[in-house]
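Two complexes follow with chain A in common, the first pairing it with chain B and the second with chain C.
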Partner chain A sequence: MTRELNKWAFTLDAQQCTGCKTCMVACKDKNNLALGLRWRRVAEYCGGQWMPLPDGTFMQDVFTYYVSVSCNHCMDPICTQVCPTTAMHPDENGIVTVDQGKCMGCRYCEWACPYGAPQFDADAGRMTKCNFCEDYLSEGRSPACVSACPTRALGFGPWDELEKDARSQPDIAPLPDIKITTPCSVLVPHRMSRTQDDVTGTIANPEENKDA
Partner chain B sequence: MHSHWSLVAFTLLFQASVGSIWCLLAAHFMINTANTGLPVISHLTAALALSFAGMAAALAHLSNPRAGLFAIANLRHSWLSREIFFVHVHAGALALLIITTPIRPKEFDVFVLSGASLAGAILLYSMSRVYQLKTVPSWNHSGTLLSFVGSALVLGGIQFALVQTICAMTSSTGHDAVTADIYVQAAIIAAVSGSLIKMTLGLYQRFKKKRRPAKSSHWPVFHGSGVILCVIFLLLAKAALVELIALSLAAIILVGGEISHRIAFYHSYDRVGL
Partner chain C sequence: MTDTTCPDKILWSVCNVNCGSRCALRVHVKDGTVVKIETDNTGEDTPGAHEIRACLRGRALRKWIYSPERLLHPLKRTGKRGEGQFARISWEEAIEQIATKLDQVIKTHGNEAVHRIYGTGNLGGVVSGREQIDRLMNLLGGQLNHYNSYSTAQITHGLQYTYGVHECANNLSDMANSKLAVFFGNNTAETRMSGGGSTYDLARVKKQSNVRLIVIDPRHSDTAVLAADEWIPIRPGTDAALVCALAHVLITEDLVDQPFLDRYCVGYDVATMPPGFLAGNSYKEYILGTGPDGIPKTPQWASSITGIPAERIIQLAREIGTAKPAYIAQGWGPQRHANGEQTARAICMLPILTGNVGIQGGNSGGREAPFGFAFPSIPTGSNPVSTSIPCFLWTQAIEDPKGFTDITHGLMGKQHLETPIKFIWSFASNTLVNQHSDIRHTHDILSDETACEMIVLIDNVMTSSATYADIVLPGVSVFEESDLAYQGYGVEMAALILRPKAIEPLGECRTLFEICSDIANRLGVGREFTEDRTRDEWVTYMYHQCRQVRDDLPKNFEQAMQTGLFKWKRQGPPIVGLKDFRENPEAAPLKTPSGKIEIFSKRLWDIAHAWQLPDGDVISALPEYHQTWGMPGTPESARYPLQLIGHHHKQRTHSSYGNNPWLQEAAVQSLWINPLDAEARGISHNDLVCVFNDCGQTQVPAKVTPRIMPGVLSLPQGAWYTPDKQGNDTNGSINILTRQRPSPLAKGNPQHTNLVEVRKVSP
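And then the complex of A and B:
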């Protein structure tokens, strides 16, 4: 898997994702993240209800699906645009990283990122975020979250190959409009996926997804 | 969202500083006399003190202030970088005016003061753009800029009027009292104008809330009460002690209103996506 990197991207097949959150745990374990920091999160999006029918019976349109999200290392990252010190910057492989020496802890990137990717480490007083396990990549290994996924719902690969995947449909709820940051990620939607402008569902586990 | 007290203090203090400098410049152009009744240095010192207090609040917001040295590294893209730059330009111009007073031929340097006012205006614009993020719809509209300009007029006007009134009461230099009153009244009109802007915005947001729920809005009660007291002050403008009491009460209510409004503003943060 080692090669001169251009741009890496994660893939998620939401149809395969069972919401087990092993990716979250693997990420926390690998990066030794403090309490409250979640570089990868799994949002459980659900909705629907029971509806009475004219014959006195009921039917339901309940739905639930999971979306595992980390930093998308976007093509047009809003975090790098707003960062006053240029601490948040894309490296030579397109991986958006934080220069800890330049970060002044203003948390403005946290406000701006619609994926909640930059997260504040209160102990260090700096922003932190997914770095695509660059150390693993340099050793030819997969990122920790990808290795840990038991259903192989999560994957990764070079963006120039992945972006041609016709199954990708990243405009699903509860994710934001992709036009905001042009995320580099492939998302194969769940069969129950709702469109990005859906208002019928809610995130069932907001405490696992809100800002740290 | 994390604690925002330092940001409340930073934004309000700088808006007060910018507003008071606008009032000082307007006072100069309004009555083009040789600084009759206008304690320029007192106004400049008060504005600079507010700026320094604002800077201290901004530093308190940062977890790693030492990296603040890099804060203007992204002027090309980041409105926060531009805001930080103009904070320093505005405060620097005020400090320059005060430091060079003994060596200047005239106490009132309209060019440097115009520069400070312009830097203040750009600072307010940058400050509003910092909050106009496309991922935060509740802030991403022109009402943010209008609200900040309103705050600058309210706080700057009331601060200018207070400094002017206190200087007029304590001064024994024989300033022209009538002209000094005109300055105060002009500053009060600025504060009332700012209050009216804020009240209109507050009412508009409440009206809009009925059509599309907003996370938070406020009743413009404070600003309305402040305006009433300012009008009372204008009506009683001949009784020195009563006018100072009315002005001080108006100032407390308006500043309280500004603080509560700014806290509500930060609470209205609601980002799209996750």
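And then the complex of A and C:
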């Protein structure tokens, strides 16, 4: 239980998210990420139909919302379970971390993670991922993505406090089933949010989220 | 990998491109190199003292200043204009060539032959800004002026005839005091993305008040995602038709504020028409169909024009008519059309009809009012040349000066131009090619080197416009010079940012002050230009000028520079536009001829009768709806059935940062197309498509999305023109498809009025 008490978690108020991707770019700048590496990504989830009417007008039920996702530093991080070298591991703060000395770049973690959090750095031949800006945390500062957010949609805090947030509905589309990894993150849904079994929408920006 | 930890210093800076927000940056410098860029992370982050958080564009600036396209040396063109062939020259040679040519053009053609074209890639720099060129030219006898902007020409003119001023809105935060908010366009979340300005304010006010917001836009914008309770899609250019139909319901269902219209307005009905105008010319008669056109502007009439079902129009009118106060606002997209002046005036009719002008929680119908202090610009002196052209018509002033007159092209100060433009200054501007309409036509005009004889361009990177310059000068980036920057579009807070020079200029880059000083020296006005101040002394001088405005700023400049960022919370309730007029119209009349709101403008009536307009262009005394060229139902639409608009994209600010790979990765350039239109053409998501009309064609991947209305395409404006050998664009640059035909009254750029067709490019 000591690990859970020290565990950090991100929060996203999806209603406040404009999909601007400042979080993603701030992360790239802070961590000097090469093109193709996106430790934080923003999915545009969009759907709805258009119905043309005989008089030249239209009816529609279009919906759109954004979900900013990084590593959720899960309670059951599947990436650590599939890692053959134990490189992928939760540290003392519950931050799921790659031991660069052990990683051999087999990419099993990348395939296993339903959030696409571990990402392969082709130049280094090793996996990389969100480290919750652990250096900033140790200085009492917010992670780069959180302090970047123009609308204050992103936040963070201790999981043992945040997990009781009654507004959280982490099981919205297009996120995966939380039973896979038990993510430690709070997601306040957008007013347009759809449930995970939604078939009316799709991720509308796959080319902005594709893996490295 | 660069070690970005433990910087040698962290300095304040700013992002000063033309979203206008001007966000604070914290520049981490190590060994003379920028290694990381943070944003404002000081203070308590409460409203009014909140952090001015930069959006992704400011955060990606490292990739801009160190980009492979960065200009490092003065260049002289060696190939044809547009070919991009240049040879490196020395600063001495560059200055000599510029000064010699400038002197020769002035002596041969006069000062009216010199023109600094519109450009906003460096906006809000005080000593670093374009005003230095104006200062230089004014000392040399002046230059041809321009008026308008590419952002707001039509609304600026339109609202001046209605209200006597164009800036007459309430603060965005006043939405919290409203029962209903209605936005026509007004896509703050993609145009003013700052986490310190409009987007911050919109998110906050919506979260706090949960005021019902309806967004009317052809595109389901990110503003609609953030804050709208309902999105009403509308065909581009038809907002005025919607307003007419809403007015029809308001009038016929007795939802208008008749006492307000009687006391504050001219021309609503026959009772308040100006003397001498016969019955049939009032707004009420126009709407009810008893005016000259005989058409009642019913919801059924508007439905087929706008694409909005008549029932929804009726319901919307009742919502607007019964919610008081209501915050009705428009952005600048609806007005950037061939009938944009009429649209801007028409939208203002909704708050006028319902008496929502000049009250808390209401709005005039204009774009949200910013809050800030009137900090000074550098003194530019006065321009001995009074002649002024609409900024959009500079190509016309090269091509056909004889036909450029006051009653055909909005020339001010003279009845007709006496000389073509022979010398162009282009500073931090991509207007020379990329942001101006009809790139192929511009190419043809600029290709004639005997027409405009010299183009001097100063920028940070080799833009598409730079390839057309004769002399290209490498300007310093925002991190390579000190300056002040004033708040942009703040609402709850004003700010002043002092930025030191963070790094040495790259290569041979020079400040605009140095460049202009050198030319001034060469042409004998060196001391008049500098006033014996160094550039640093000018920054200090301007800081002390700011202290005249805010005496709570530190007396000591160095101390102020250490602090870097100053914020002032707006006090009191949200600003109300036209409040004094509303409270006492006799004591505080508007600046219109009548002193009242001019629904019927006799000035426009007179202009409509005096000016010569091309067939189809209409200027009307009332805010009417008129179909224009470039719209459905015109002969052109048989071949080009799709309307094309160009929304502002999070990848860039206009064209600024358009080569930044981090931004290109975060937000791809793509053509927005509705699934119904895509399916009809066999287009799937991410297919490469060709968008074309008689102006030209461009290739770009398709984004098949229900977020754009059927029959409408949107291509994010500002992508850099990247021609193939035939001059066709390969990068989704919208202005290969736009026309140079100006709007009737403002002579503004109607860059969202376009008809096109699209086809899949065979693999």
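As a working rule, the second predicted complex is superposed on the first by the 200 of 212 C-alpha atoms of A that agree within 3 Å, B and C clash if a C-alpha of one lies under 4 Å from a C-alpha of the other, contacts with A are read in each partner's own complex, and residues count from 1 in each chain.
What we mean here is this: a contact is a pair of C-beta atoms (placed from the backbone, for glycine too) under 8 Å apart; a residue touches a chain by one contact, two chains touch by 3 or more.
Being a predicted model, the structure only gives us computed values, none of them experimental.
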Joint occupancy of chain A by chain B and chain C, clash or fit: fit
First (chain B), second (chain C), both or neither touched by A:C74: neither
First, second, both or neither for A:D135, with chain B first and chain C second: second
Apex chain A: angle to the C-alpha centres of chain B and chain C, given in degrees as a multiple of 10: 130
First, second, both or neither for A:A112, with chain B first and chain C second: first
First, second, both or neither for A:N209, with chain B first and chain C second: first
First, second, both or neither for A:Q49, with chain B first and chain C second: second
Partner chain in contact with A:C149 - chain B first, chain C second, else both or neither: second
Which of chain B and chain C A:I178 touches, first, second, both or neither: neither
Dominant toucher of chain A (residue count), chain B or chain C: C
Touched partner set for A:R126, first chain B, second chain C, both or neither: first
Touched partner set for A:T22, first chain B, second chain C, both or neither: second
Distance of closest approach, chain C and chain B, by C-alpha atoms in Å: 16
Interface residues of chain A shared between complexes with chain B and chain C: none
Parts of chain B lying in touch with chain A, wherever the complex brings them together: 1-2, 61-68, 70-74, 77-81, 84, 130, 133-136, 269, 271-274
Complex contact set, residues of chain C against chain A: 1-2, 4-5, 36-39, 41, 45, 51, 53-56, 59-60, 62, 189-190, 193-196, 199-200, 203, 207, 220, 222-226, 229, 231, 233, 300, 303-304, 306-310, 650, 661-663, 665-668, 674-676, 686, 701, 703, 705-707, 709-710
List of chain A residues in touch with chain C within their complex: 15-22, 24-26, 28-30, 32, 35-36, 38, 46-50, 52-53, 55-60, 62, 64-66, 135, 141, 144, 147-153, 190-192, 204-208
Residues of chain A that touch chain B when the two form their complex: 41, 43, 69, 78, 80-87, 101-108, 111-116, 120, 122, 125-126, 174-177, 180, 203, 209, 211
